[in-house]
Every structure is written in structure tokens, then in C-alpha cells.
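What follows is one structure encoded as C-alpha cells, with my remarks underneath.
Letters A, B and C name the chains as they come in the text, with residue numbers starting at 1 for each one.
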């Protein structure tokens, strides 16, 4: 019985309680249905026996099924109506079974519980890193979380242990900063050029170009690393001069990441372009004067993602820096700190401190520009 | 039997915004009720409370004698047609219409589902679209599918939330007629929400006119048209709007007079007797008269007043004359074209002076402060109860 | 097989429908293959026809070409220069010179060696001066391969340019040699001759007179051009100003109205979310209406401008051309130059002239703007992506590794399909490699599948939870989850990997409080393969949910809410609403994203490498380089191979190629099955 039943305040003076009424009603109804089914079965047997053709029998069975269903529904409705009217009506709000409101409250509470658990799980590692970075009493990994002695030693050590020019944390940070800034600027320009063209201008070979880049993207990026490293080496752009080399490699192929920006440009109405062209603007003017001013969200999104990229790139940066510490970025440098058994014991907390220092500015940037990021991801990414 | 009874139903939003005040209504079985009113008057909210999509803050709603306040929508035996059709885009028309039937437990046999859907499709004339998807249908066809989906269930109350607002004018007229036919085929209670008073008047057995969450008047179309309870209803029903002018109601002995724009017109007939029975005294009133009830007179007299013609709209079978009275108030007069001969029609140009008069039986009297009709017999919210107009910044 | 009509199909119940669909699928397979063959056949046929057309065209152009065209076959760009298109001509010419110089000096050398990839390896000899063995380095296989590919690219580019040049010549010739033009030129010459013969005392002006004449012409035309402006300019400016004013006022009026309406509507909305949605919708519709107004006025403005500009520019250009021509003919004397001018006008009317240099430059910012914009990005991609990929594909057919690094240790040469053999154990390959390959391939596919779909559904679930009516602090929950994206992966992954390591505190906690055996390992070397794999998947969920949640939130907000309400009324419970409304919608919109996500996960280097480094190791793979582990993906194995002692780049390339093949096959299949590409308009 899925129907909600009304409930009445148990009043001993009343003849029958609501429960009793419901029970009676159900019993009567089920009895009638059983009787009906029994009769129906007998009838059905008779009718089936009266014919020989398989087709006819099938049809009779189908028809019978439908008829039976309808009859049972009628009975059910009859008893439901009876029930609804035999229970005293009133405007009371005590319900024994869950009404809509209580169902909702339970649902929401469960959700809150899940969300709180999730918050804990998600934030836990970062809280740990943060706490570990203040630990002073030891520098290796330990089994507890909260430091016994607090202090800024790890942070200080990061910068003082190795001088800037020798390749200490400060150097790595600086390197990565430079790389990020250049990459952000150049990559944005390249990506914008690429995505605008592919989005707005229908030129011969456009489809071919897009498919070609799609196929290129299916090759694992690892492969190209080796040869790029060789080329950079021949040009002298590795090890201590890794920075220009890295910048060059990052921006050169960045045109392939045009999807999100293109999606964004697709949403701008074409009538803007057309109006400008009729006014006499050539394509270049349309781009600079009409489209770009409207593209603030996507420009910021591209700048942001381009800026955040180099901070996390480990693989290629390792290759190019090739153990030369003045050429490392933060990812490589920090990884190096804990790469071997001894070094991890000596540098674990420094690693945490370094991680915090890297994470904070990026997180702040990200939060500030979160609105643009969300617009970018949801607006462009899924339309592909 | 599917009567619907709303008792003291209130809807209060967060921040103490009252959307629906003390809604009381008894809907009889198989009645076609229309909720009508301007945007934001609470008609959709009330409908949704009946459907179970909004929570009822106070009061009770009973369907067929059963209090449904806490029942899920699916347990209330209702069907609903939405303004935006709400068709499932990835299902075919057949599947859209079969959707509610497939959710029934115990399962309805496939043959039965097929029968019901095809029957409904035949009634609505969409049998050839059964295998298409909604995107391949026009607005009117989609509307029919939405209605079909609501039809296939056994339901006690059939709810419709502004179903025709998204259609163009011509289609709207067509669908209106179809809904009237539909009503004969599905013999159940209808509750229909619209903002268009024409739809309300043509479709409803009874109309509920709402504003700002209050019921301004409940009655049959004729009642509401002939005896508006308050100024709002008077102006809302009927197009073009009723003319409202400031005037005085003078009681002289047993007779009553009104004096718009310096004229003096007697309130004769039944209206006069009613005023007498209520012992109405001399007072300032707002006088209302409909454009089609005005008489054009050629010569000035005590019982008519002068107006100047500004715009003459030729509507075909009638002329809509926009005139200006002496104090600058703008009025509208509707004259059947055949009432004027050619010469008179030619003279109806800008600046022509006309003299208007009307009889007592077409007059409506409203209290200027409460805006309630002096002859009303229903309780009605006063002007002060309603929300004030939003001031512009 | 019985085919049902549409209505009959509807009568069937769910099971019968399913059987029918399956039967139809199998019946349709032979047809599908047939279509595939036909498609392939068509492709080759088209390619063949294309090549044939090109060759025929080259021949015909030569046959019909005048001497300028024919010379261009050898001296690229000559035709353009000779016909006045200096810019293009010189560009072609310079390119040809560069190409010839390069190929002759360098390219030839590299390409010649391509077959052998170097013959002279490092050579150790005894140097008596230093009394030790010294190595002298000769050929460099790496460089040979690299630069020969570069040279081949260059050759292809040159061929394309050469072909372009031929086409240009053909077009130019067509334009300049139309019969009409030829006839007119002939007539002109005849008439001049006539005139001169009928006026025997006609004298050509001397230098002084010519200079005078030129000065007079300049004066006349300067005045004419200056005179073009005043007429229209004032009126034009006035119209523009009025237009702008009325547009601004209409927009202001609209905005005012809209504000009032919006306020009224807002008063009846309950939840903050609906309010926000209403505001957003209103903003959008307001924007649309404003755009309409703008367009209306824009149309008007363009009408004015079109009239003004067209006339003005057009007339100005004509006057300029006339002036130039007259100056050129000034030395012929006034009458003759007048005759020539008449004919010039007639020829102009014949058809469009050749594109001038100035127009070429202008079109770089206009018609050809896409080329301008794409030049730099595409060059970058070609040099830094296409070239390396070509190189690495070729490396797969060599024996390039640490021992044969091409220069310092030993040269490397072609080995054909031997590497594929080794990997896949076709004939006599090493069992170690193929076993490892099979294991890792299987895991890569499983991982990609689970990583993608677990994140997808869980992310959607979280988004739905947060989005539910009645949940407060929506923004707070989202921000907390989104923090994970902000923090660079290498920090979070590295730290989490340390947390789950054998001496990390999660294990410590489990051992101390739950009595788990100390030998248990999550992702260390001693871990059970499937424990490690499961751990990796779980941690990946931790990383991936915030992204998916963001995307899902954006999409969820776009599903019209009355779909849900209608389903509620029809009796659907929460789960049914999810499967019949939310899920189809989401799957449709994010179909392409799922595919790219799947592929991305197959190549998801970061997560695996930083978390486990591939551990635990696969046992019996002595011989296979790179120490493949149970959690290794193909890409991480690839990387490890290149980092190992043997540095088997060739094997890495083979793996890379195989990855590519697998990925492209999957993409093709999925792309063709996905409903998004078939039923695109369902949701619009």
C-alpha cells in the first residue's frame, strides 16, 4: 500500500481507531480481488479451450490481462474512496507516516552529514601539510599530525640552506615565477589567435586543421620530450639556461589547447561581427575593437590557467634541468628534496613548507578569479 | 467526485513575504475554475500548492474530502499541464505520454498503455506524431502532447498553468476552442491559470480574480462582468477597460444622481432601487461605465457631458473613439459602425465635439478610498490591503 | 526478418523491444562492413582523382602559358613580378633561393644518409701525444634522422609553394589575357597609330612641357579629390549623431522599464537560487533585447556609412588611378594620353584587375586575416609537435637506445619491425616484454574506465546534492571542494602518496587501532596488486571530483525545473527522476567531454607516477626495461623505459604508437555511437 493514509488522534472514546479501519478496508479489498482472480482464471480456461488457433489464444490472453487489470484497478479505487471517506476528516497535522516535509528534512540532514564528512576528507591533507610545515622537533616523516613544537624554521631553512645563485628554494621560486609570467602572456596571445580564428572565420582547411590537431593530441606527450630536449641542448637552452628553453617549449605548442576558448567565442553572437564589417571594419579591426573587449572572462581564464601550468610541471622540467639546481622550477626542486631515503628524512618538513609557499599564492589567485574559471570550464569545456 | 476545497490557505515566503492571503474557495466537482490576474498575483502559487509543488504555509486543501496538505503530488490524483510544456526531450511523443503510466505500480500491461495513449492521441489529433521527438514539433503540437500526457492518467483534478501563453495569437484562439471541446471529453474538475481575461471569460464556469495574493472576486463570467465588486475587477475584466471618472453620488429624496463633468444623470431603474435599499448617502464616488454602454448624443443637455475626440480607431465592425473630457481625463467609447451614417463617420475626426450619456443600469459606483463597489455583496479586500505600487528609482 | 512499423513497435513491451533491437543490430553488421569498404574505396578514388587533376592542371598551365608563366616553372615568382605583383613575386623568389641554398648545402647531405643513419661511428684510436685512447666522433644518427626529416618537410613545403606559384600564374594569365582585353588593347594601339598618322605634325612634348603637364594634372586631381568630401561629410556626420542619440535613448528607456519589471517579479520568488536564476535570465534577455536595438540602429548607421563610404572611396580611387595613368602617359602628349586613358577605362570595365601589392597587404588584415593569426601558432605546432612526433614514429623502427645513442656510443640504424616483434612477441620476441605489455595494457584500459566514470558519477552526485533545494551555504561547499583544484597536483599527490606509504601515518593508524598486519601495504612495493590499484583509483576520485562537480553544477542549472515537477506529479520518485531526466541530459551534454576525459586518463601520467611510481613491481619481467609495475600505465612505463639504464627509446616509441592506435580506434567507435552527434538538436 503506497498511498498515504490519514491518521487520527487516538481517542479511546472512538469506536474504531484509524488502524483498525485501514486493516478492515484492506482485508475486504484483498478478499474481493482474490475472488475476482479466481473467477477470472476459471473463465479464462474455458475460453482458451474453445479455440484451437495459437493466434486466437494469444489474443484472448492479452485481452484478458488488460481486462483483469482494469477490473482490479476499479476495485482498488472503490476501496480507496471508501477508506478516504470513512476516516474522519480534520485539519490535524500529526502524521504517523512520513509526509513531504519530514521526508525533506531527513534528506537534507543526510546531505549535510555527507558534505561535512567530505569537507573533512578533502581538506585533511592540506591541513596536514600546513601543520607539518611548522614542525620543528624533527624533520622526517612521523606518525602524528600536530607538531609538538611550532616554529618557522622550515621556512627559513628553505631560503637559507642554499643561496639564491646556488639554486635554493628562492631560486626555484623565482625561476618558476618568470616562466609563469612569460608563459601566461605569450600563451594567451597564441591561444586567443588560434581559437578566434577557428571559431569565427570559416576558411578552407579549417575542419582539416581541427581534426589534425585532434589526432596529434592522441599521441602521448612523453614521446616528444626526448627530441625536444636534444634540440634545446643543441641550442644551449638546458640546465642553467633552462628557463628560456622551458618557456619556448611551453608556448610553442600551446595553440593546441584552444577548445575552451573556442567554445567561448562560439557563444558570442555573430551579428556583432557582421555589423562591424558592414560598417567598414576589416577583420583585424573586428577582432581588436569588437571581440576582444567582450572577451574578458575567457582572457582571464586563459591567463590564469597558463600561469598555473608551469608551477606543476614536473616531467619535462626535470628533463631539461637535468640535475642543475639553478635551472629547476619549484616542482622539480621540491621533488628533489625528498627523492632519496636520506634526503626525505632530512627535508620532509621543508618540503611541506615549500609546498605551502607554492600553494598559497596560486590558491589566492584561483579564489579571486574563481568566477571566471567556472565560467570558462562550464561554458566552453563541455560543448567541446 | 472531485471537489476541491481551499480553506484559509496562506503562502508565506522567507522574509515574511506573503504571496497568498487567506484563500478560501469551494470548487464543485466537474467545475471549470479559472484563476486570473496580473503577474505576481499569486495564481500560479495557489495552483502549485494544490498540486503539491509548493508547501502550504497555513490552511488546508482538500481534494475530494481528503486533506492533501502532506500528500505527495503523485498521491493527489492530479494531472498538470505546464506553461513550457515540460516534455522530456529525449523521449518520443508516445513515450512522453506513456511516462506516467509506466510509473504505476503494479505495472500496467503494455497493451493497456498502448490503448490509452493512442486513444488520447486520437482525441487530440496527434496520432501521426507518435514516433517523433518533441524537437520536431511545433508549439501547438507540443502543447497537445503535454495535454495528452496529462489526459492518460485517471485523475480527479486537471490543472493547467498558463498553457496558452507561449503560443501566437491565432493559435491561441484555436487552442481555446479545443480546450472547451476537451472539457466535454474529459469529464473532471479543471483548474486553469491565466493572465488573459479573455481566456478566463470564455473558458471558465467561475472566475477567481486575484491581485497581490488576495481574491478580488469570485463569480461566473456574467456576474463578474455585470457586477464587479471593486475597482480592480471592473478595470481588469472587459476590453477596452471600463471608464472611471471622479464624480459625486447625490441623493435627492428617493432619487439618486451622478454628476460627471458638470452633467446630472439620474440613476434610474434597478440600480437606483438597490442604492435606496442600502441607504446610501450623498458622497464622492468613482463612477464607472463601460465603453460599449455609452450613448452618443448630438446636442448638449443637462444629462450629458461634452468631450473632444482625439483618436478614432477603426476596428472594422466598431469604432473605438478615444476622447478627452473637459478636465483632461481620457475616455474610450465603442460605437458599432453601422450606427453612424457615412456623413457622421466622416465627421469623426480630431477635434470633433461629442456629447456622452449613459443609463443608470450601466453605472458602477466605487468608494474612492476603499475602491470597493457600493453595491457589492461579497467581501473584498480594500485598496489599503494590497501592495503599494513599486516606486521607480 | 520481420520489420515492425512504427506503431507496431510501440506495442511491444520492453523485453521484446530489446530483442528486436539486438536482432536488427546483427542483421545490420554485414551492411556496415560493406559501407566501410565502400567508404575506403571512395576515399582512395577521390585521392586518385585529386592527384590526377593536379598533374593535368600543371601540364595544361604550361601548355597554355605565355613565356612569363613558363619561366615561372623554373624561377618561381617570376610571373608575378613580371605582371606587377612585386610583393608576392619576391616572396616566392626569396623562398626558392633559401630552399635551393639549404638543400644544396645541407639538406642533400642529411637526406642521403637517411637510409643508413650514419656509417661512421665513434672511433677509438691511440693518440701517441697523450698516451691514451681517444675517441673521435663522426656521424650523428640522431642529427641525421632529425635534419633529414626537417629537410623532407622543407621539400614538401617547397613543392606546395611551387604549385601555388603555378596556380597564381594561371589565374593571372586568365585575367590579363581575356579576349576582350586583348581586343581592346589592339584597338587602342590601332587608334593611336591612326591618330599619329593623321596628325603628322603632332609633336611629343619636351621635358619642360612634360613637367608642366604633370604639375597641372596633379593640381587638377588634388582639387577634384578634395572636392569630394564636403558635400556628404557634414550631412553624414549629422545623421550619425542623431542615430546614436536615438539609439542611446531607446536603450535607456528599455533598461528603465526592465528594472521595474524585474523588481516586481523578484518579489514572488522564494529561494535565493531561483532569484539568481531569474536575475541571470533577465540579464540575458535584456542583453538580447539591447542587441536587437543596437542591430536596428547599426543597420541604419551602416546604410549611411555604406552610401557615404562607397561613393567617396570609390570615386577617390578612380580619380587616383586616372591621375597615375595620365602622369605615366604625360610624355606622349595630351591627345594621345587621352586616347589611351579612354581605353584604359574600357579595359577596367572588363573585369577585375590583378590583386595589387597594396591590396595584398590590406587583405592580410582582412580576408587573409586568419592566415596572419594562425601563422605563428601553427608554425610552433609544426616544429614543436608534428616534427617530434614524426621523429619518434620513425625511431620506433630503429634501435635507438642508450647503447646506440647515435653519436657517443654507437650509431643506430633501421631495424624494421623488430621492436614491434619484441613487444608483442610475434615470432621470437622476448616473453618478458609481451607479458608486461599485456598486463599493463589491460590495467590502462581498466584504470581509464574506472577513473573516468567514478569521477563522473560521483561528481554529478555531489553536484546534485549541493544543488538541492533547501541546502544552505552552497557556495561554501563548492569553494572547499574547488580548493583541491587550486593546489598544484605535485604537492597534493606527493603528500598523499607519503600518507599512504609504508611508513606513512595512515598505515600506522590502521596498525595501531585496527590491528592490521604490519606487512600490509597500500602502494608500496609489497602491496598486493589489486590493493594498490584500488587505492590509486580512490585517490584519483579525491582529485577528480571537484572538476566534475563544477561542470555538473553548470549543466544542472540549465535543466528546466518544470521537467522535474512534471515527473513529480506523474509519480516518479527521486531515483526515477534521476535516471529519466537528469542522467540523459547530462550524458548528452557531456558526451564529448567523457571521451576526452577517458583518453586523458589513459595518458594520465601525473597521478600514477607521483603516487606510486608504478609500484608494486611486476614479478617476472627480467629483460623488459623500465621495471614495469602493477599500477603502471602505458605512458608511465614508457617514461620509465627512457629513464632506465638502457634508455630504450625505440621501445618507448613503439609503445607510444600502440597507445595512439588504441586511442584513435576507441575514439572513432565512440564518436560514431554517441547520441550527441546523432541527435544534436534534441536539446536545443
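FYI, a contact is a pair of C-beta atoms (placed from the backbone, for glycine too) under 8 Å apart; a residue touches a chain by one contact, two chains touch by 3 or more.
Just so you know, these numbers come straight off a predicted model, no measurement behind them.
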Q. Greatest Cα-centroid separation from subunit A: which chain?
A. B
Q: Could you quickly compare A-B and A-C and let me know which has more C-beta contacts?
A: A-C
Q | Chain centroid nearest the full-protein CA centroid | A | A
Q.
Please tell me the distance, in whole Å, between the geometric centres of subunit B and subunit C computed from their C-alpha atoms.
A. 58
Q. What whole-Å value do you get for the distance between subunit A and subunit B if each is reduced to the mean of its CA atoms?
A. 48
(Q) With centres defined as the mean C-alpha position, give me the subunit A-subunit C separation in Å. (A) 25
Q: Among the residues of subunit A, pick out those that touch two or more other chains and give their numbers.
A: none
Q) For subunit B, what residues touch not just one other chain but two or more? A) 52, 72, 111
Q: Note which residues of subunit C are touching subunit A in the complex, please.
A: 142, 146, 291, 294-295, 298-299, 301-302, 305-306, 309, 362, 365-367, 369-370, 372-374, 376-378, 380-381, 383-389, 391-392, 462, 465-466, 468, 470-471, 477, 479-492, 494-496, 498-499, 503-505, 508-509, 542, 546-547, 550-551, 553-555, 589-590, 592-593, 596, 599, 603, 605-606, 609-610, 634-635, 638-639, 642, 649, 652-653, 656, 659-660, 663-664, 667
Q. Once bound in the complex, which stretches of subunit B touch subunit C?
A. 13-14, 17, 19, 39-40, 42, 45, 51-53, 72-74, 78-80, 82-84, 86, 88-90, 94, 99-100, 103-104, 110-111, 114, 117-118, 130-131, 133, 135, 149, 153, 387, 390, 392-393
Q. What part of subunit B is in contact with subunit A in the complex they form?
A. 7, 52, 55, 60, 62, 64-67, 69-72, 75, 105, 108-109, 111-112, 115, 154
Q. What residues on subunit A touch subunit B, complex-wise?
A. 2-4, 6, 62-63, 65-66, 69-70, 73, 77, 81, 84-85, 89-91, 93, 95, 99-101
Q | Residues of subunit A touching subunit C in the complex | A | 104, 107-108, 111-112, 114-115, 118-119, 121-123, 125-126, 128-129, 141-145, 190-191, 193-194, 196-197, 201, 203, 209, 213, 215-216, 218-224, 226-228, 230-231, 249, 251-256, 269, 271-272, 275, 278-280, 282-285, 287, 308, 311-312, 314-315, 331, 334-335, 338, 348, 351-352, 355, 358-359, 362-363, 365-367, 370, 374, 377-379, 381-384
